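Going by the order they are written in, the chains are A, B and C; count residues from 1 in each one.
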Amino acid sequence: MNTIFTIQTTGPACYEFTGQVNKWLRRVAPAEGLLTLMVRHTSCSLLIQENADPDVQIDLLDWLNRIAPPADHPSMHWLRHTMEGPDDMPAHLKAAILPVSLQLPIADGRMMLGTWQGIYVVEHRNAPHTRQVAALFQAS
Amino acid sequence: MNTIFTIQTTGPACYEFTGQVNKWLRRVAPAEGLLTLMVRHTSCSLLIQENADPDVQIDLLDWLNRIAPPADHPSMHWLRHTMEGPDDMPAHLKAAILPVSLQLPIADGRMMLGTWQGIYVVEHRNAPHTRQVAALFQAS
Amino acid sequence: MNTIFTIQTTGPACYEFTGQVNKWLRRVAPAEGLLTLMVRHTSCSLLIQENADPDVQIDLLDWLNRIAPPADHPSMHWLRHTMEGPDDMPAHLKAAILPVSLQLPIADGRMMLGTWQGIYVVEHRNAPHTRQVAALFQAS
């Protein structure tokens, strides 16, 4: 069974969609299997991260901006790919080091996530985007 | 077939568990298929890395500390999420850029790893932790 | 169905092999399923990245060199694992944060990639290498 999840973003942030995934799994995944998620873009990411303290996500975004600053930051004067705006090339850099695909073992119809793990789209661009996540469930 | 591997950690280091995985595979994976591993925590990581020179792992840990220093390092004064200790938020940062899940094609009952590849849990926290890795084998 | 893709590299760069993968899929994947790719080395990476402007790939390589410089750069004097050359340990560092495995949902015999996504081997070593990517297709 496959589907595409659509996540509307409005600037850099972590957008949790664990609920959307669970709802779909309850319909298609009665038992054991594997869920694969793959984001169909090169300037945002998937992430499994803590869903308790929202400061964790803010700190993560801040840190990514410090290791991959916008193209108009003095330390990034060497960037070539700047024609799509100062946030575009850093978005590709962040997309290279954060997951593009995630795999979740399913047992008894539920993702084997830990207590504090949620599933997120991490938006790296400033403008609003409609992001697609391709999903595939394979029963064992 | 699914299982959970338990890895006891005692501070930041790479903990190889290739042997545990191989032992389980010999029991459940007679032929071709896919092994998925997913760590059920947000402050440690999975990693496939060189298992020859142990200095590689020490250098990796040192480097991660340089790009994501502890919260009590002057360069990290801007961190918000500090209530769980100076090693907690950097652990989440490292967990965001190292793998949370790994997929290993199996042929003839064996993982198709290269000669120098081992499978590790990378612990990012200072205190000892009991880490769980969910595993799923799906025959082709 | 499994196979091994061989990619010949000649120094640090992104080597696209989307075409090789598509050709194989047309032969083995008539319908829905999951494609898993795993690189069998610890000093190069897999990557899904933009395949439009080649400057994106050059900027990515430059950035990786800035966050993980060669061992003979003054900022890297603390590295221990230097006996395989100044480009070896940084290659392991880059290999830790870029993907070692990728999973691609297949629908109607085609990878569900976005419009701008290509599949690459990212070479981190200076010398030419013959790189192997293990591939597994599992029908749903």
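We adopt the following convention: a residue touches a chain if its C-beta (ideal position, glycine included) is under 8 Å from a C-beta of that chain, and two chains touch if they have at least 3 such contacts.
As the structure is a computational prediction, the values presented were derived from the model and not from experiment.
Participant: Shared interface numbers for subunit B and subunit C above half of all numbers used, same, or below, different?
Facilitator: Different-residue interface.
Participant: Hey, what angle do you get rotating subunit A onto subunit B on C-alpha, to the nearest 5 degrees?
Facilitator: 120
Participant: Using the average of all C-alpha atoms in each chain as its centre, how far is it in Å between subunit B and subunit C?
Facilitator: 20
Participant: On subunit C, where are the residues touching two or more other chains?
Facilitator: Each of 34, 67, 97, 99, 103, 138 in subunit C touches at least two other chains.
Participant: Could you list, by residue number, the parts of subunit B that touch subunit A in their complex?
Facilitator: Per the stated touch rule, the residues are 1-2, 4, 34, 36, 38, 40-42, 67-68, 78-81, 83, 89, 92-93, 95-97, 99-101, 103, 132, 134-136, 138.
Participant: Quick check: in the complex, which residue numbers of subunit B touch subunit C?
Facilitator: Result: residues 32-34, 47-50, 53, 55-56, 58-60, 62-63, 67, 97-99, 102-107, 112-114, 116-117, 138, 140 of subunit B touch subunit C.
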